[in-house]
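Chain lettering (A, B, C and D) follows the sequence in which the chains are written, and residue indices restart at 1 in each chain.
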Amino acid sequence: MTPARLEAFSDGVLAIIITIMVLELKVPHGADLAAIRPLVPVFLTYVLSFLYVGIYWNNHHHLLKTVRQVNGSTMWANLHLLFWLSLFPFATGWMGENHAAPLPTAFYGAVLLLAGIAYYILQSLIVRQHGPDSRLAAALGRDLKGRLSPVLYAAAIPLSFLNPWLANAVYVFVALMWLVPDRRLVTVLSE
Amino acid sequence: MTPARLEAFSDGVLAIIITIMVLELKVPHGADLAAIRPLVPVFLTYVLSFLYVGIYWNNHHHLLKTVRQVNGSTMWANLHLLFWLSLFPFATGWMGENHAAPLPTAFYGAVLLLAGIAYYILQSLIVRQHGPDSRLAAALGRDLKGRLSPVLYAAAIPLSFLNPWLANAVYVFVALMWLVPDRRLVTVLSE
Amino acid sequence: MTPARLEAFSDGVLAIIITIMVLELKVPHGADLAAIRPLVPVFLTYVLSFLYVGIYWNNHHHLLKTVRQVNGSTMWANLHLLFWLSLFPFATGWMGENHAAPLPTAFYGAVLLLAGIAYYILQSLIVRQHGPDSRLAAALGRDLKGRLSPVLYAAAIPLSFLNPWLANAVYVFVALMWLVPDRRLVTVLSE
Amino acid sequence: MTPARLEAFSDGVLAIIITIMVLELKVPHGADLAAIRPLVPVFLTYVLSFLYVGIYWNNHHHLLKTVRQVNGSTMWANLHLLFWLSLFPFATGWMGENHAAPLPTAFYGAVLLLAGIAYYILQSLIVRQHGPDSRLAAALGRDLKGRLSPVLYAAAIPLSFLNPWLANAVYVFVALMWLVPDRRLVTVLSE
């Protein structure tokens, strides 16, 4: 299998995930502000999840660009990642509709964590396949963001039961950490 | 990242948006004319949104054809555009189900405006990247339609609260302005 | 615009249409035969619509293979075809849920007719663009199936109010006419 | 038609099927464990179906890689396979929501069986087209897994009415048989 086809299939799945998430924004029956107010947290969660899928799409592309040949384990590690990403619409809808109640917020963090681990497995398989001196290994370097993210997700899960808004702040922070051009934040974090 | 991949991903998202919009046309339970009559405004709004997504797809294609290299900011400006376009099914369903009530009509205009601004940002980034003497800058010229559209959307938002049908007429007018082959209308408008 | 991109976008839309149609097959709450029996007509309508989208996909591919350059009118004629095809899930769900009641059956025929006309417009534009001596014009020949289909759809619409099952028989007949390898039926019909 | 286009269209349909299956995981209204507990069987069925679509995607890719030219019958055999795969979301939702009740479990097996038969037909057509000495025929060898799977599905259908959990165990076993790298299990089974 060529990386091009793995990428095309993954792109298709990611395009569908990012688009069907919006279906959780159910059209309200009323036509006034009162009808749309309960949708505000659903909308904000949608924005957050949209950012995450965008970040995954971007990183996934850079990861696959370094791959020369796809074997069975890469293929299944990739499907494993897509599996956890496919739960984003559900996790988004559940947290959004319940205004960041503790359990849905913890669940959202768990899905982020499992997707992060799946990405890490996929990346490790590709690094191992191409050797520690490969372009990918060099590009990753110490991979601070990749290592810090799962730690933060894991911390946010118990935090959801103490203060779900703080857990949400962690999710937003991690998303921004990936959005902000690399140099600045990573330099700060690695000092 | 190559423009081809950015385009393939955007095409995938646009193809899904244009298709799931039709899910807002809920299958009625009855089998007579009375059952289908309330769907008429939903249908008309669907036609309008279909035209808008078609116009965006077409313009987006011409825009990306001029791009040689995609960098991080172009990538995120493109996702930003897709984000607002992903709200079309919701905005379409809300305005359609409420027979063009003021608030949903204003909301529809706001989504059009924000998508228009996102498109303008993407276009400006690409022009800046390729220089003022590039093929794109020449093709855009004074870009009358691109400048006039956001002004009209912005005017239609307060207009929705005075007369929602007039606001809808503005949305239809802007769509036709893009549909009608360039020369005629633009010449009229630029005199 | 290259035909390849028009085809990729159309393929995306067709793949989504053919797949979301199945969402009209709503998962029943019960777990016995009584729960699934009302779904039988929905299922049969789904099979019929699946065949039609398959036929359109196949014919559309052969049509675009002959195109060298896509201009604005071809692009919009293609979107016009996709518009009517996008109503298949709605028409399928409405006819299926109402066990082929007269009005939904006529509506299904109207959508088939309008999609057929849109296909004819697209084909005519392409033939005109490439000249009467082109490969496409030769391949079409007298285009019996293409001319007969709209006539049959148009006849089935009033027939739906007299006997909806006969109208459905017409829809099945037209689908089979396209499915069965060309030679046999066309020869019969052209005698 | 080139195999590349058949593959791209099939990939699109498979990507949509694998993603809309998750829509059967309806977002619950409550925010506690009691709200999410009834979703556990739906989730497990989703995992199983995700694996099956992943296996089909993988095998389908290897199958099409051997094809040089696509003719009409291959095209329709492929659509026939996609048809049965498109019923996965429905079968998954029905079995999941009814906690593996007999009839939905048997129905799930029937869809697996019919998809398996459709795959077998497609494969046989391609083998016949390329001759018994082709790369595909050699790669398939005695095709033990391909022959055993339909037998197991067919056995699981009546088994569903005696013990649906055993039938589910069969579905899981067949999925694992395809997941586990070929050599081991096949050697065991072929002794």
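A few comments on the model shown:
Quick note on the criterion: contacts are C-beta pairs under 8 Å (C-beta built on N, C-alpha and C of every residue); 3 or more make two chains touch, one makes a residue touch a chain.
Please read these numbers as outputs of a predicted model, since none were measured by experiment.
Copies chain C and chain D of the same sequence differ by a rotation of 90 degrees once their CA atoms are superposed, given in steps of 5.
Both copies, chain A and chain D, contribute mostly unmatched positions to the interface they share, with under half of the numbers common to the two. Measuring from the averaged C-alpha position of chain A to that of chain D gives a distance of 28 Å.
Note on chain placement: the centre of chain A and the centre of chain C lie 39 Å apart, centres being C-alpha means.
Shared interface positions of chain B, i.e. residues touching 2 or more other chains, are given as 8, 12, 16, 20, 23. By the touch criterion stated above, chain C contacts chain B in their complex at residues 1, 5, 8-9, 12-13, 16-17, 20, 23-24, 72, 75-76, 79, 82-83, 86-87, 89-90, 93-94, 97-98, 101-104, 107. Interface residues of chain C facing chain D in the complex, by the touch rule stated above, are 7-8, 11-12, 14-16, 18-20, 22-23, 25, 27-33, 36, 47, 50, 54, 57-58, 61, 179, 181.
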